[in-house]
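Shared chain: subunit A. Partners: subunit B in the first complex, subunit C in the second.
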Partner chain A sequence: MGAVRAEFLKLKRSLSWTVVVLLPVAMVIAGAVNTLVSGSRPEDGWHTMWLRSVVFHGLFPLAIGIGILASLVWRVEHRGGNWNALMSGPTSALRIMASKAVVVAVLAAAMQAVLLLTVVVIGVVVFAIPGLPPGRYVGVSLLIMLACVPVAVLQSGLSMLMRSFAGPIAVAFLGAGAAVVLLLAGLDAAVFVIPYALISRATQLGTGTFGDTGAITGGDVASIVIGALVLTAALTTATTQILDRRDTRT
Partner chain B sequence: MANEFAKMRHLRMGLIASVMVVIVTGLSVAGAATSPAFAVPSGRSWEALLGGMSLAVPLASPLLLAVLASRQVDIEHQGNGWLLSQTSGVTPGGLCRIKLLAVGIVVAVVTILESVLVLVAGLLLGVPDRVPAGLWAGYTASVLVANLVVLALHVLLSARIDNQLVGLGIGVLGTIVAVFATALPPAMAHLTPWGYYALVAAAGYQGTQLVALTPAYGSIAALGAVAAVLFVIVTGRFDRREA
Partner chain C sequence: MSYIVATEQLSKRYGSRTVVDSLNLRIPAGCVYGFLGPNGSGKSTTMKMLLSLVRPSSGEVQVMGQPMNRGTRRRLLGHIGSLIESPPGYGHLTGRENIRLVQRLLDLRDEQIDQAVRTVRMQDQLDKKVRDYSLGMKQRLGIAMALARQPRLLILDEPTNGLDPAGIEEIRDLLRRLSDGGVTVMVSSHLLGEIDKTATVLGILSGGRLIFQGTRDELFAASTPDVLIDTPHPEYANTQLKGMVASRLDHGAVRVSGIGDQTTARVVAHLVGAGVDIYGVRRDEQSLEDVFMDLTGGGGL
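Right, the complex of A and B next:
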């Protein structure tokens, strides 16, 4: 736990909260302004709100958001003499990778919570949609949070390898784009191979958009959960191995 | 200037630039080719390809321009290249201007390449109508101006604010603005540089009909002029700061 606490401490002044709060809020507001300006109301109530915020958010902004968070978490290690301190410290590679990934995953989960909250607030206050959103949105949000974990591990690994802040984010953008294309082509098995496909799939669950059928089946949920667990385990092992073979640099 | 191009090699700027070309060209052609009208050769139109580009450019450009600017500028923060340049006679503001020029050349090549590749794809797909050469050139030039203005903004942001999160974050927000600006009234689209991607769109839907549009040449020219003046003023102020 000490390593995780240390990681959160390092993030204190890093402005990471702006990503966690601003990105989801901006997404929902952009969707809402768009609807207001076109003079219409969300015809299908909560479903339209969900489509215009969460599903769009899952197409690529979510992956980029996680990429930015991972870059922030690793930024300190690439500055000054911190990399050598990290290499010569007593903390094992597994603990470093795991605690960094945990921090990114927790922030990504917080981002999802902010998104859900903003959707509800805008839906009630701006559009006066009757009733509260269906409870399954909470369940889907939990699944999205789980799906974010392997992406967090992957982005954390990329940010460990690349000293540049922006490089891993470009990879996230591309990966998310590739995932959307694969899912559009009906290759649902991509969720077991590409983490970005996992978040796209999870955000589209039960909406009937892209490759989704509209119904949430046990099989869909199971494939997301299994995909998340398998990819997290595989990527954590791989990134830990890579970090273990790194050395100090002069 | 040659220095900046030398720096690009290790920053893999060429790779990122190629990615930009592939994404925009791929999305434009894929978007047009998968539309039902494109299934029959006689239904193929240049409007569909221009419309595809008018969607793909605002989707892919803002973030990748932010990445290009951030990478080129961030190395100066990492090795305190500002001080090094200043002691060798290039002021921080001057360095920013050189960076904009060097990356701007790359962006110009990217923009023109995107446009030409989509045009070639149209010719290969056998679009029956004549090529709307004037509109095509006008649209490409307008997108180039919008791209350069966004790039200039990001060079300044990355140089002024050490934490690259800010530049990249604004790039993401810019993407959202650019994508949604097509649905905004033109007056609101004029307010941010990203809105101009929507203003210069060369084709779009009016109702359910895809029609060719005239890019807002006046607006984009004004944007370019204002941005150029601001860039000179801001980089001039950079010169007076301590390194």
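Right, the complex of A and C next:
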């Protein structure tokens, strides 16, 4: 636990919190402005709001956002003597990788919560959509947060490997693109292989878009949960091995 | 004697370049080990191998009697404090927050933290952001972070690099105090003067090879100081020695290098036989600097 608490302490005065708030708020506002400018209203109420924010967010911005958070979390370790200090302490590679991934995953979950909250506020205040959004959105949001965990592990691993800030973010962009193509082709099994497909799939759940049927079945939920657990375990093992074998640079 | 660090034929090659070559380091427990060598001689690489930050190409490292490798390192590193190349520290956090990080990570008590901070005399600087620290303050904070775990072995890579004379003196004093407190310290430098008076054992590295290891006295004994011959006719005396020994004129005396006592006697007899008046024969005062320059060929210092 000490390692995780230490990681959270490093977030003090960090840009990460700005990303967590600004990225989802900007996404929802951009969607709303688009709707307003085109002179239309979300015809289908909350469903339209959800499509234009959460589903859209799940296509590219979410993966990129997690990429940015992971790069921010690792950036400080690549500076000065921090890498050597990190690797010459008694903290195991597993604890290092796990605590970093936990921090990125928690930030991603916070980002998702901000997104949900912004959707509700804009929906009520700007579009005066009657009633509150359906309760299943909360459940789906929790699934999205879970689906973000393996992406957090992967991006954290990439940012551990690469000193470059933008490199891992570019990988997230390409990965998210590949995921969209696969899901459009109806290859739902991608959620067990590509973490980016997992977040896209989770954000599309119950919307009838892409490969989704519109109904949330137990099988859909189970495949997302299992995909998240399997990928998290596999990626954590892999990134830990890499960190442990790696020699310090410079 | 018990060694806290011992290496066997420790080597590191990058491509076809051997940057550390067959080192057999022996660091006695409780000493201050001065690890000297010009820039690029392999000091940092060696220290990284001692900490398993870099894996050796061949050879072995033993720390506290146990092999140091990727399988054992985390257990051993709990007893080793280190500072390699540049000091650590998160610039966006204050000194106190940085120290608290270490405390949380290693699950340390408040007293351990306080003591480490006081040892480096940083207790009044902790509320500044590390980004705004001077290099000397960063070094001291880095040492405090290394000391907080109360290590048995402290490995410091050029901790005096870039410091002003007062800062250097402060680090020297700190090393002495730590050593008195029972910590074994290994400290590297490319400047002999910086650790000369603090180190009790010296290891000298040149081009990746250990060219000397031992106490300061042993170092003096390993190299013979020049013989100076005082005579009213130095030029004549110098020509008389041509082909016999390596000699040259030096401020009205004749300087002869690399000769032992027997040869000295022969040289004197030869000069007297040639009719040279001799009124003084003495060994030159030799500084450790001279010995060091001698051993490393004076290159790159």
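In the analysis below, the second predicted complex is superposed on the first by the 249 of 250 C-alpha atoms of A that agree within 3 Å, B and C clash if a C-alpha of one lies under 4 Å from a C-alpha of the other, contacts with A are read in each partner's own complex, and residues count from 1 in each chain.
Methods note: contacts are C-beta pairs under 8 Å (C-beta built on N, C-alpha and C of every residue); 3 or more make two chains touch, one makes a residue touch a chain.
The structure displayed is predicted, hence computed values, not measured ones.
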First (subunit B), second (subunit C), both or neither touched by A:247: second
Partner chain in contact with A:10 - subunit B first, subunit C second, else both or neither: second
Partner chain in contact with A:173 - subunit B first, subunit C second, else both or neither: first
Partner chain in contact with A:227 - subunit B first, subunit C second, else both or neither: neither
Which superposed partner A:89 touches (first subunit B, second subunit C, both, neither): second
Which of subunit B and subunit C A:18 touches, first, second, both or neither: first
Which superposed partner A:164 touches (first subunit B, second subunit C, both, neither): first
First, second, both or neither for A:81, with subunit B first and subunit C second: second
Subunit A residues contacted in one complex by subunit B, in the other by subunit C: 14, 79
Touching residues (chain side subunit C, partner subunit A) in the complex: 48, 51, 53-55, 70, 74-75, 77-78, 80, 82-93, 97, 100-101, 104-107, 138, 142, 145, 149
Residue ranges of subunit B in contact with subunit A within the complex: 11-12, 16, 19, 23, 63-64, 66-67, 70-71, 74, 78, 163-166, 168-169, 172-173, 175-177, 180, 183-185, 188
Subunit B-touching residues of subunit A, taken from the complex the two chains share: 14-16, 18-19, 22-23, 26-27, 30-31, 33-34, 37-38, 61, 64-65, 68, 71-72, 75, 78-79, 163-167, 169-170, 173-174, 177
Contact footprint of subunit C on subunit A as seen in their complex: 2-3, 5-6, 9-10, 12-14, 76, 79-82, 84-92, 244-245, 247-248, 250
